[in-house]
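Here come two complexes built around chain A, the first alongside chain B, the second alongside chain C.
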Partner chain A sequence: MALILKNIVKKFNSQTVVQDLSLKIEDGEFFSLLGPSGCGKTTLLRMISGFETPDSGQILLDGQDLTPIPSNERPFRMVFQSYALFPHLTVGENLAFGLKIQKTPKEEISERVENALNLINMLDYKNRFPETLSGGQCQRVAVARAFINEPRVLLLDEPLSALDKKMRDHMQTELRAIQRKLNITFIFVTHDQDEAMTMSDRIAVMERGYLKQVSSPHEMYSSPANAFTASFLGDMNVFVHSGQKVFIRPERTLVSLSPMASDLVSYSGEVINKLFKGVFWDVYVRLSTGGVVKCLVDSKNEDMMEDLTIGKEVQVGYSQVYAHVFETE
Partner chain B sequence: MSSSTKNAKNMSFISLIPSVWFGVFLLFPILMTFLMSFQKRGTYGGVEWVFHFDNYIRVFDLIYLKIFWKSLLLSGSTTLICLVIAYPLAWALVTLPQRTRSVFLLLLIIPFLTNMLIRIYALKVITAFDGPFIALLVQMGIEVDRFTVSQNIWLVMYGMVTTYLPYMIFPLYAAMDRMNFSLVEAAQDLGACPRHVLFQVLVPNTYKAAVTGASLVFIPCLGEYLIPDLLGGAKSMLMGNLITEQFLKARDWPFGAALAMILIFLLMIFIFLSSRSKGGASGKA
Partner chain C sequence: MEKLRPASPSWTRGVLYLVVAAFYIPLALMVFESLRFKEISGDWSFSLHWYQVLFSDQALMESLLRSVVIAAGASFIACIVGTFSALAIHKYRFKGVLFLDYMSMVSLVIPELVFALALLSWFAFLKFPLGYLTVIFSHATFCIAFVAMTVTARLNTLDKYLDEAAHDLGATQLQTLWKVILPVLKPAIIAGFILSFLLSFDDFLITFYTSGPGTDTLPIKLYSSMKIGLTPKLHALAVLMMVISVGLILILSRMKGVRELLLNEDS
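Coming up: the complex of A and B.
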């Protein structure tokens, strides 16, 4: 009981956008496809939905090959980046669109529309037209229109990118709550690493058509499989130790005015900037060996921050335990 | 401050020009026609200044009603044919890649901008009873009655459709181009088959453009006299021709004026209906 992508290849003209990609997505999972723009994540989603056909490879749902099945017969629903709400229909009619096509009885349609509107807290908006709604409301209607048909999988194409930051944060929690309530698979495309980390059960990171790593947000953050995921997901400091690049998270990078303990790898440097972020200070240090690293200092550490003035000579270090070293690709 | 109000005064003078233009060249002639429609024909042409309704009573003669009906039927079917051709054509245009699209648009625009008289006359010459089209048919050994091919109602219809088709395509093309294409994908995604996509997404979202296109085709068609005259000959008398004949041949200006007033009245009904149906749609959207 899962959605399996097998050796998917997709070319546009002569350019390969998805390169021999295989992936298994479990039932009820909140799965994110994460990557910079142009990495092939949207193309992959459109192949799952049936709007694009892979050049080779298979898309299997419970063992059945979906590739020859047209998009309107796949048990998937898509939430579009532009919402794509029908402007000539009310919110209620938008939700009922798919059900009417399936010739669902009238009473059942109105009951399910009410339930769906209830779930997104928009019961009062049933007879409003989309152009009278805010961005966040359009977003919720678009999601409701997709899940009302009880699809096996909901496909979301950067659905939050048009919202402002506050609304986006709110919708992240709300989408996650809706997914838990419905218990259906969500495949969520995004280029925003924070968004992917906050919401997902698992994340697949893509770069230039290749799948770089698939794992839970926590695992991906604490043990990235390669240099790309290491620097794409969260901040990373790069040290050079005995000719090798060593990746360390800023929160694992220590800064001190006195010499470091002998079991730590330490460098000397100079404070070039410090930014107050509330809970932490971001302290930027230029290493004497070259390069700038970022360290986090707890803002409760007031005495230390007073001494850490810009231009001050400091020691920066890390424990080998938290170091990530990758084979050069 | 004072200079800006002065400018505004100058501007209001400029905006007066089109009003004067409309008054002198549109409203005044229509008023004249209106007044003339109640007069009596002079014995040697011209107008006798007597007020009566005889012209309007004469309009309801069966001969003229038939001509009215034929005109309405021809304009209506031309509009319908244009709509049926233009709708898929406009859709094909918006789904073409940008470069090929401009080529096809150019192919539509060139004949559209070519003088109508030249185009229609060319068609008349080509299909004339001693013209190249019939010569070709004879060469191929096909037996035809030369006079049924050269001038008939179907040829008139063909001329009307080719002349007015762009007026239907362009508003539809603009509306479809403006429409968010993901609406179509959203409908497909929700399980809609092509027929559903057409009638539940495309048509409701391009309905207003279709009404605009229909007005742009129907209104000039109803008053058309050049195309029926050149391509239909004496066999197809339409309202436009009837009015022209009253003024230029029969020399019955008051009756021609009455016919013209009826035509204007019919057009006004049509414009009112189409603008109301558009208003209704926008109220809902």
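Coming up: the complex of A and C.
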């Protein structure tokens, strides 16, 4: 059983925001929609939740077409980027809102509210008003308010983007843990590639309304399907080899003071910068053929780093095995 | 950043005191007169005598009640219409906010007499008999913009997606309105109500033209009695009106969130 999007097209005025997009999301999956801002992620999410109607195409849940079902009757819950907590209700009342609408018995409501508060570690905050909470706490309440109704799918629109870095890292783990515990499908919108990589079972990369690739983080990183995903997800060096662009990850790009082995493709260049990153050094080399590439050097390699001074002539190379070459689109 | 300004010369403070005095001395005098009771012997003392006279004047008390009923009715209508127009304009933003600005502007700058005349000819055109209803309707028209203003100010501070959030949690449009939108707007609506009540309660000109026989409000009563002559009883009546107005303003400024609302209006 799954959520299926079939040939979805959405236009605003004359601008096509989502272009013939098809997607299948499995039950219990942590699924991320990743893409630069303005690529149509929010619009896609709003079509799933029912706040926007596709111009053509279908959204199916377990084979049933959702088109005629209004958003308040779809078994989905949305976590808004701005949280949209009800300011006149306490945390507990915010959580109880959806259950009350569904006329859940009182005892059951209070029990489920307690459980949800327990899950997000906020039992003591039940009677507080949203304006007295920190950003991270509001975020957790918004998530709890959404999952307490036991939806089939939780839709999260950049829920972490308003938090500071430390809180964001913390919430990434927290959200993932909550998702595992509840075993609910999460569709998670983000423009942050690191966030998508650390959290997701699968990632869908979007660009200007098109779906560029759908796969697991590891697969997407190690075998990107096109130049866009290759450079959007993680760092990429671009070499030009026999008139073709070749993409190589920095950790697969070798740097050396002596000539490279003959089975490697090599270029000469000049070290222009080196940055100490703890486990690795980032070494930037300007190729004699033009362009700058980044290589990672293990910081245990102390002798080599001593010799790799700025301005030094070096060899840079890669093995064909790790080369990504794409048809021009 | 606030600019540092040179301290104002001390004589400006003197001017300020003078201006304040010019405002408050007449008021103080009025209060004093209303409390002063002259005995036949020519001596005088402070007493609430004139207030007793005032409260036992049947006709006056009836007009006070009428003023309250009209103000409450007009504010009630203004709150309903004003709140919903603010909601509609907020939802479909584009030109709406400008329109609202113009509307409140118009009701501020159009000479009241012109407005009264327009209303009067409108009622004549409709052949609607002048009375309670015409006064309430007329007052409501100039109060609507003020309610819409306080409600819009509140809406601007709210999360845009509150209604969608409620809808997403299963609420129908009506439930969303009833359980989220109206409760959240409540302080603004109450503020709008009190503001409208004040405007209506104090209004003289428009009431004068749009009220029929037997629907005199307190200000009208005060006016017609003033023509006969200034008496301590009239002073007591004026003080009573002042106390009601100032009391309402005090309530308004004490209300949670209202101060910010009224101060933020321009931002």
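In the analysis below, the second predicted complex is superposed on the first by the 329 of 329 C-alpha atoms of A that agree within 3 Å, B and C clash if a C-alpha of one lies under 4 Å from a C-alpha of the other, contacts with A are read in each partner's own complex, and residues count from 1 in each chain.
In this text, a contact is a pair of C-beta atoms (placed from the backbone, for glycine too) under 8 Å apart; a residue touches a chain by one contact, two chains touch by 3 or more.
Everything quoted here is computed from the prediction, not taken from an experiment.
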Worksheet item: Superposed on chain A, are chain B and chain C clashing or fitting side by side?
Response: clash
Worksheet item: Of the two partner chains, chain B (first) and chain C (second), which one does A:Q102 touch, if any: first, second, both, or neither?
Response: both
Worksheet item: First (chain B), second (chain C), both or neither: which does A:F129 touch?
Response: first
Discussion item. One more residue to check, A:F12. First (chain B), second (chain C), both or neither?
Written reply: neither
Worksheet item: Counting only touches as set out at the top, which of chain B and chain C does A:F276 meet: first, second, both, neither?
Response: neither
Worksheet item: Just which bits of chain A does chain B share with chain C as contact spots?
Response: 49, 51, 71-73, 76-78, 80, 82, 84-88, 97-98, 101-102, 145, 149
Worksheet entry | Partner chain C, residues of chain A touching it in the complex | 49, 51, 71-73, 76-78, 80, 82-88, 97-98, 101-102, 145, 149
Response to the item:
Listed in rising order, the residues of chain C that touch chain A in the complex are 158-162, 164-172, 175, 179-180, 183-184, 186
Discussion item. Going by the contact rule set out above, which residues of chain B touch chain A in the complex?
Written reply: 180, 182-183, 185-193, 196, 200-201, 204-205, 284-285
Practice prompt. Could you please specify the touching residues of chain A with respect to chain B in the complex?
Written response: 49, 51, 70-73, 76-78, 80-82, 84-88, 97-98, 101-102, 129, 131, 145-146, 149
